[in-house]
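Shared chain: subunit A. Partners: subunit B in the first complex, subunit C in the second.
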Partner chain A sequence: MIEGVGLSKNYVSEYNRKMLTHAVKDVDIRIDNGETLALIGESGCGKSTLGRMLLNLIPPSQGEVLFEGNCLTKMRGAELRAIRWKFQIVSQHPDSALNPRWTVADSILEPFRIHGKITGGRDQKQELERLIDLVGLEPGQAARYPHQLSGGELQRAVIARAIALDPAFIVCDEPTSMLDVSIQASIIRLLQARQKEIGCGCLFITHDIQLAKIMGDRIAVMLGGQIIEEGKRILDHPVHPFTQKIVSPGLNETAPDLIPACECSNHACSFLTSCPSRIPRCNIYPEMQVCGDRRIRCHLVS
Partner chain B sequence: MQAIVIHRILQIIPVLIGISIITFLLVSLAPGDPAEISLRAILDTDSPSPESISLMRAEMGLDQPLHIRYFIWLSRVVQGDLGYSYLTHKSTVYEILYALPTTFILAVSAMAISIIIGIPLGIAAAIKQNGILDHFCRFFSIIGNSTPEFFMAIVLLLIFSIELKILPVAGSGGFQYFILPSVVLAIGLIAITSRIMRTSMLDVLEENYILTARSKGLDRKTIISKHAIKNAMLPVLTYMGTQFGWLFGGAVIVESIFALPGLGRLTVDAVNTRDIMILQGCMITFAIIFVVINLLVDLSYIYLNPAIKYEEV
Partner chain C sequence: MDTSSVKVTNSFPQLSGICDLLRKNLTLTAGLIIFFALLLITVLAPVIAPHDPAEQDLELRFSPPSSTYPLGTDQFGRCIFSRIVYGGQISLAIAVISTIACVLIGVIVGMYAGYYGKLDAVLMRTTDIFLAFPSIVLALPIIAIVGPTPLGIIIAITLPGWAKFARVIRSSTLSVKSNGFVEASKAAGASDTHILFRHILPNCYGPIIEIATLGLGSKIITITSLGFLGLGVQPPTPEWGTMINQGLTMLEKAPMIAISAGSMIVLFVLATNLIGSELRTILDPRSDTIVI
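After this line comes the complex of A and B, so read on.
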């Protein structure tokens, strides 16, 4: 189980130290072993930043990440590196996720070389054959360089590398968004099958609502750096106005005139500017509250 | 692999033909009768007889039309006959071969210094982006890049040769004569090499495979040495390749200040004395060196960048 508590990430402008960008604001997130949480949201809402903070690839500004009872954010150097193999990333751009100067086999096998203590005397050649077979690549393709494989084949190689050491948690950051539609389905099936086998937790980041419904045991919707609604099957019965909007985009046309972003206070609801059902209280930042089968950040539900 | 090497070598042939045509036209269009100029050189006299001139013209093929003359000239050049200097009465090939080692040593040592200092400096600046070293490098590269070579040369001469008296002022002899000139040339190169290396490193460090490497549990040192540096080297290599060619011809000022008898000085002297045969020889030499170095850079890409290795030819 991996858990993020009160995670925030602020970026400071290089030229004006007072200009802060809040990429992620006060997010609580939990993913159990074997469970998939589909994280959905618009571009730039902080999905990828949140995913990378959970993997401790970006240090959070506030909050901490707990993994199997250890606080990852307090770990340093060698201690952290020794445990890194347990959480892996499959990124959006398969073509830059592998070192272009290395063969695919070299990249897939690197985790075995790094974590020799855990893998013990496992035969690298056998492991490579096993992984290549698991992700559905041809044996000959392992000896090639990344530029010689297609996007779909590369993503398979990236997945092979990610699952090489049977991790406990994987972040899939829009793993199919750069691939042809015809290949997307097979990659999704591959991810589902391998996840079931390993029994690992998965944070599946996407902006595709159908994909989120297929992949997610639970679904979380993100807006402006915050999770605004989270629970099982929330996309079938959306409650938050933003979730309602993304589920049926047609509704958007009846939305009232927008409030210019500059007139909102910093503590207002993230969706204030274009929310069709806003009330005066929306100028105050809504707290996360439990409402039936879901958690939601909206004044309308209370 | 072999096919691509042959392909690249064949590609330089049209370039060399172009160079030969331009060089040939330069001499044909230059004022003065090449036959008379050559005769003066060979016979060591200011006024060769008209008969000998017409004999020489026939021998040099100057009575033929331009395109025939080009092929006659080309066949002589290919056999290593580039004429004679009318000033020293020595063959052009001899003069160039005499000057070449000096320029070669100067270019190689300047390049070596800039690689040894510039590349690690660029890497260090990228690793600690906006750190003290990064700011120092930026400052140094602006100074190094904007100070003219002759000024840098004079400052270094004043410090190391006149005041401290630890290095010779000018001339040629042993290895100590090359220290100051190659440092002067290297400073400008370091300034740019380190900046390109820094930018290229920063680009590579943003790549997804660096993130992947971190998530594999590699430490920063290994990520930089195993994943980043080789990938970041390509743009620097391109730059250094072109600069190496430039060093052979562009060291003119430095060679003049330090009185090194190299190719650059030979060219400048040839221009001043209108020694057209020497000038022609220098032009061809520069062009060939430039083309060959670019070929070597291209071939080293094949080693450094697997993406080129299997490209369709």
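After this line comes the complex of A and C, so read on.
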């Protein structure tokens, strides 16, 4: 089980130290073993930053990441590196995810080499055969260089590397958005099957609402650096006005006049400016509330 | 990308395939032959040279090429051929050693600044100073301290030279660092050393080889400008750059001095550029044009 408590990430402008960008604001997130949390949201809302903070690739400005009770954000150096293999990432761009100067096989076996789990050459060969068989690559393709494979084949290789050491948690950052539609389904099926087999937790970041419904045991919707609604069937029965808007686009287009900028303080609700059903209280930051089987940040539910 | 049409060509040479590689890649072969020929000539200088390079015969000044003096004699009646053969020892050694030193310093400074970013601003402003400072002005005090020995000249050339390498390697490091494979390697628990030397450095080979081969020739010319100020290799020690410099004033009386020394530098630069450009292609698996 991996858990993020009060995670925030602020970026400071290099030229004006007072200019802060809140990429992620006070997010609580929990992913159990074997569970998939689908994270959806607009571009630039902080989905990828949140995923990378959980993997400790970006240090959070505030908050902690807990893995089975151990605080990852406090670990340093060798201690952190030794636990790192339990978390893996499948990124959006398969083209740049493999070193162009290594064969695909070398890239897949990199985690073994880093952690020295395998010594003899024979074992490495066996592991390689097992992995490329699991992800559906041909042995001949593993001997090639990344530029000689297609995007779908590269993504299979990336998945093979990610599952090489049987991780406990995988972040899939829009793994199919750069692929052809015809290949997307097979990659998704592959990811589902391997995840079930290993029993690892998965944070599935996507733009695609249908994909989120298919993949996610639970779904979280992100807006302006915050998770605004999270639960099991929130896309079928949306409560938050933003979730309602993204589930049925075109319905709530009649947003009221924009509020003057001076009223939109940092402490207001992220959706304030275009919320169709806002109330004066929305100028105050809504706290996360538990409402049935879902968590929601909106004054309207209370 | 249509993969069915991609032929599997393992473009990285195995040790056993080197002869095969040389047979098929004539550019590389030509470069290597010239390079090793030059190296052989300079190493075997005492055997090849017909005369002592410092031996003067004032009765035979500016004599034309003959059987005793294959390239004629200079203004002091010294054998030009012997001076060319011996001159390579210093020219090649200084050029190669100072280039290697520049690459080493440039790689360390550039990768440190680009990867860690901690001292990035400080290191890059330091490189700016070295880039902006006239190299001759920097060389003057160094040679004044160390003396106009080969070691002093190497230091005087290396010190202004590393900055260009650091700059280029830093920018390559920055662009390679943002790739997904570096992130994935970090996520898999790789140490910084592993990421720097297995992922980032190999992806910087292209620009490193490029500026190193370009710099080799210009380093020999830099020795000349030092010689102009009397800070270069001291006479009567023969050296190619200084020979061109002196030969230019006597181009009508003894054209062979400047021409032969110039040809040697051209050959050396040609050889390193041929080897460099081919090496770059061979080391990069993405260049499928080479079939081995």
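Here is the rule we go by: the second predicted complex is superposed on the first by the 291 of 302 C-alpha atoms of A that agree within 3 Å, B and C clash if a C-alpha of one lies under 4 Å from a C-alpha of the other, contacts with A are read in each partner's own complex, and residues count from 1 in each chain.
The rule we apply is simple: a contact is a pair of C-beta atoms (placed from the backbone, for glycine too) under 8 Å apart; a residue touches a chain by one contact, two chains touch by 3 or more.
What you see is a predicted model, and the numbers here were worked out from it, not measured in a lab.
Superposed on subunit A, are subunit B and subunit C clashing or fitting side by side?
clash
Is A:82 in contact with subunit B, with subunit C, with both, or with neither (first, second, both, neither)?
It touches subunit B and subunit C both.
Is A:163 touching the first partner subunit B, the second partner subunit C, both, or neither of them?
neither
Which partner does A:153 contact after superposing on A: first (subunit B), second (subunit C), both, neither?
It touches subunit C, and subunit B stays clear.
Touch check for A:143: first (subunit B), second (subunit C), both, or neither?
The answer is second: A:143 touches subunit C but not subunit B.
According to the contact criterion defined above, which of subunit B and subunit C contacts more residues of subunit A?
So, of the two partners, C touches more residues of subunit A.
May I ask you to decide whether A:98 touches subunit B, subunit C, both, or neither, giving the answer as first, second, both or neither?
In the superposition, A:98 contacts both subunit B and subunit C.
Considering only touches as defined above, state whether A:55 meets subunit B (first), subunit C (second), both or neither.
both
Following superposition on chain A, which residues of subunit A contact subunit B and also contact subunit C?
55, 57, 81-85, 87-89, 91, 93, 96-101, 107, 110-111, 114-115, 145, 147-148, 158, 161
In the complex of these two chains, what residues of subunit A are touching subunit C?
55, 57, 80-85, 87-89, 91, 93-94, 96-101, 103, 107, 110-111, 114-115, 140-141, 143-145, 147-151, 153, 158, 161-162, 165
Quick check on the complex: what are the subunit C residues that touch subunit A?
Within the complex, subunit C contacts subunit A at residues 1-3, 6, 8, 10, 179-181, 183-191, 194, 198-199, 202-203, 283-286, 288.
Across the complex, what residues on subunit B touch subunit A?
Touching subunit A from subunit B are residues 207-209, 211-219, 227, 230-231, 304-307, 309-310.
Considering the complex alone, what residue numbers of subunit A touch subunit B?
Of all residues in subunit A, those touching subunit B are 52, 55, 57, 77-78, 81-85, 87-89, 91, 93, 96-101, 107, 110-111, 114-115, 145, 147-148, 158, 161.
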